[in-house]
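Below you'll find the structures, each written out as structure tokens.
First chain A sits with chain B, and in the next complex the same chain sits with chain C.
The block that comes next holds the complex of A and B.
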């Protein structure tokens, strides 16, 4: 029995999303299918952050690092003739282990929330430096040459055909959101929400908050690792850019724009911001970053809760007025 | 409940000093806490019998909350030991102490503003019970505390007195052996205070209680033995009448111009 019951409408929404994901490739060009696939991969990454930040209040700038490690793990195993399936699993493990280690130090060392934010960012930037300095071919793991800032190319794809790959990514995102929502409503998820609201109170009831935080943080890292592996598979390349400051901030921005805490908001935020970036790039404006920056500032000022919560509140206030 | 007469630790030696309510549940020896140069609690030897209801009073800054925070593991003592229900809990982390059976409501309200009243009770009970039984405990508490109509409301939206009840309710859902309440009636209206007294009497049937209060009316209503803290030490331990009659208490506490609020 879950302490919170999901709205009866929610499974209907899930059904609608499943149908859209299933038929969408038939309505789109191959180019669009490929393009939307990468948006969905970013949705996975955004939702992974929302699980730790939105649900448990653990803000990390390391989501891009877990993503990047997942991508590199996938590329390295593929280059060593492992199957793409095994490489994908390695990506999940890489992200999960990295997050688990950082989380263990932060939570069991009883370090502050600020420490977590700063350390995850620092580790990300260190990874950028380290992988950037592997240009010499002597830096290799088995048959995998890391390639410095040029990164690794010719990474084999999990599924070479665009449409099955789209369905795989879409299906994973669907599964993640549905199971994430169920987790949020389950007792474990409610304890995490309580930790977000007041951790001391949770401990005074006999819960080990450290363990709960570590579990969700590692899970969140593992999902980011999965997204990274899918990303490497999608483009056939990966380079240290994934560990850049811009990338680290990007994930946080997606969740901020969409609104944190619902998982849906994070996915919507990632999709819209990426779609807009893409659009601005395609009409050739030189001011893509500037426009996006202005957009963000206005978001923080006008909709500090993000798109989805603001939208839902708008809906319900209309409902009240009608009564 | 574990048996305090089980052969364990130095704790045994003290059960002989028999108190008003039978075997010892909690004992502190030489308990002290310094904050830099500030001696918040100094050398406190305190004993509470199983099933007892004790009131803790004392002027502002007497060290009552600091004492509670050491008992619940929120602050490590500078010196001394805490024995609870047959084990030494000195320096243990809060969640372990809670599992051994101490529940606490801090002076500063601490609830989960974004969670519903029901969720507060459910989470508190779910630590030791499965989901179904935790839900039953939560429902029962909602009735008992008269919060049933507010069950799905976010606690952040409740009035001050209701928030206090939610927190008291959480300590009840925990099924603790000892509940520490730091100023439970702060900000409550008179009728709310009366309801709280009735509630706590009911709780005391199965649970030992230590209650910090400034409200003299509350203390006389709830009766029980009163321990007076002053400048980090225990000044006197007696019934309310004897405490009130004590000239030293009158001078340092009541004479200090703060009988109640």
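The block that comes next holds the complex of A and C.
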């Protein structure tokens, strides 16, 4: 893969997206606005994984764990009468610190990519069991009762009105994608892309690969934590289900289906797969899981690059130039 | 004294069940460097084989004998349809087996229903002084010992084992000697799956059998295999002993959940200092 260069058309695309996000709430019913807000939160989560997996080649199976920790941090601080703004910041910190700790062990211990995947998955599964075992009211942090598998409810929202909340989430996603694209084209992003392609060569050139990987992994975890806090705020509840195997797999499926490395692909994948899940969910959860599993297997086998890169390559092969 | 013996049996049982569940994955990982994320679901399929055969009036032992065959065949099909296209792409293999894991859970839920099935634990209890120990736990310990010895024998005393270990060290050299490494991979994968099925069958009388049964075990199994490292037998036994002892000790003073957390914490510390797993430590010196 060539290093990312921003095309001259890209700011135009950003402008168009900004306009669409700004006017969309006026064209939709309140229900649809609320619905699309949660899709955008999932897009944030997908883009956070793409920053570590697509850019630096660090596949975390535990992105859902950072998301969940962010959500729980938000819920716990809100229950202890902190302002939603402070709770949101706590969500970001929780995701970032968890990812930083795991990343420190993985990168400074020089674990292989596969160990990173297994370790993050195991941490997620154990968080599921730990938080699931907190049903007894004696498990509480300050005034926040964790509630076992029922989770925490009545979490206050960041912004009670749907439309401002939509704009906040949409604005954050917009900011994330734009700054993420700029980061990819900046020297730091170039080093990460080089680490993905050949880590040893990067180290021979004098860069500290461990530090770079740790930085992007913690950043990715922090964004996942932000998404989790927004999710808890959106629905007013959080339960250990966010740490389940299906949820962790879903994040990976979004990015895999949409296509890695461009950030746009991840967001598109999250949107498409989530819309499909929503539809299938009305039939039965087992069908959703079955289809998600089949999707994962078939994309790995048939279209490992995902939809967007394959589509763009198709365009260029029929003679339409793209950069 | 009696109390000490009973506690000791508890610890040995924890270690044995860990080794039993991890053995199949350890073989697949040691052989191909791949973590099969659907291993938990292979364990679940083994347990369901026992449940279904008992429900059809067959003896428990018949079901236990059928489980490795059934799951071995499933493993063979999976290898032929999915894994063989992905050799050399470790992360892709993990992703595909993860999809398989989700698919198997959903398929079993749709076909057999989400309710908990069970089979009665055979053998009753053995009295040690004033304490009663489930005789089936002793059977699990014995069966684990037997299976580890058997697999060790297969890998170290047979022609297949020799070729398999050769392919593990240098597949190109094995190919140059006229043996087709993909065939060896296929057989090893099926063997690892069959062992997972058998482990599930043996554990079935001790747990309720649900489609998500694998999830209860996989975290432990993955930790054991990664901490064990690439050496199949010494690594799995070493990691199983270390982690099983920690888990049962912590479970004993608090709850099983914290036992697992302690196990994970210990595994992370070990991996930080021995990224190749504990068998990497003695490999380097030896």
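Note that in this section the second predicted complex is superposed on the first by the 293 of 323 C-alpha atoms of A that agree within 3 Å, B and C clash if a C-alpha of one lies under 4 Å from a C-alpha of the other, contacts with A are read in each partner's own complex, and residues count from 1 in each chain.
Convention: contacts are C-beta pairs under 8 Å (C-beta built on N, C-alpha and C of every residue); 3 or more make two chains touch, one makes a residue touch a chain.
From a predicted model like this one, the values you see are computed outputs, not experimental measurements.
K.L.:
Look at A:275 in the shared chain and tell me whether it touches chain B only, chain C only, both, or neither; answer first, second, both or neither.
P.N.:
neither
K.L.:
Tell me which of chain B and chain C touches more residues of chain A.
P.N.:
Touching more residues of chain A than the other partner does is C.
K.L.:
Let me test your reading of the model: by the given contact rule, A:126 touches which partner, first (chain B), second (chain C), both or neither?
P.N.:
second
K.L.:
Can A:191 be said to touch chain B (first), chain C (second), both, or neither?
P.N.:
Touch status of A:191: first partner only.
K.L.:
Could you tell me if A:200 is touching chain B, chain C, both of them or neither one (first, second, both, neither)?
P.N.:
In the superposition, A:200 touches chain B alone.
K.L.:
Should A:256 be classified as contacting the first partner (chain B), the second (chain C), both, or neither?
P.N.:
Second partner only.
K.L.:
According to the stated criteria, A:296 is in contact with first (chain B), second (chain C), both, or neither; which is it?
P.N.:
Once the two structures are laid over each other on A, A:296 reaches chain C alone.
K.L.:
Touching A:208, do we find chain B (first), chain C (second), both, or neither?
P.N.:
first
K.L.:
Shared contact residues on chain A for chain B and chain C?
P.N.:
The overlap between the chain B and chain C interfaces on chain A is empty, containing no residue.
K.L.:
Sort out for me which residues of chain B touch chain A in the complex.
P.N.:
Going by the criterion above, the answer is residues 72, 74, 93-95, 98-99, 103-104, 106, 110-116, 118-119, 122-124, 126-128, 131-132, 134-135, 170, 174.
K.L.:
List the residues on chain A that touch chain C in their complex, please.
P.N.:
Result: residues 59, 61, 105, 108-115, 117-119, 121-123, 125-126, 129-130, 133, 245-246, 249, 252, 256, 286-290, 292-298, 300-301, 304 of chain A touch chain C.
K.L.:
Help me check something: in the complex, which residues belonging to chain A touch chain B?
P.N.:
Going by the criterion above, the answer is residues 1-4, 187, 190-191, 193-194, 196-198, 200-209.
K.L.:
Can you list the residues on chain C that touch chain A in the complex?
P.N.:
Within the complex, chain C contacts chain A at residues 33, 35, 37, 82, 85-86, 90-92, 94-96, 98-107, 109-110, 114, 215, 218-219, 222-223, 226, 255, 257, 260-261, 264, 267-268, 271-273, 275.
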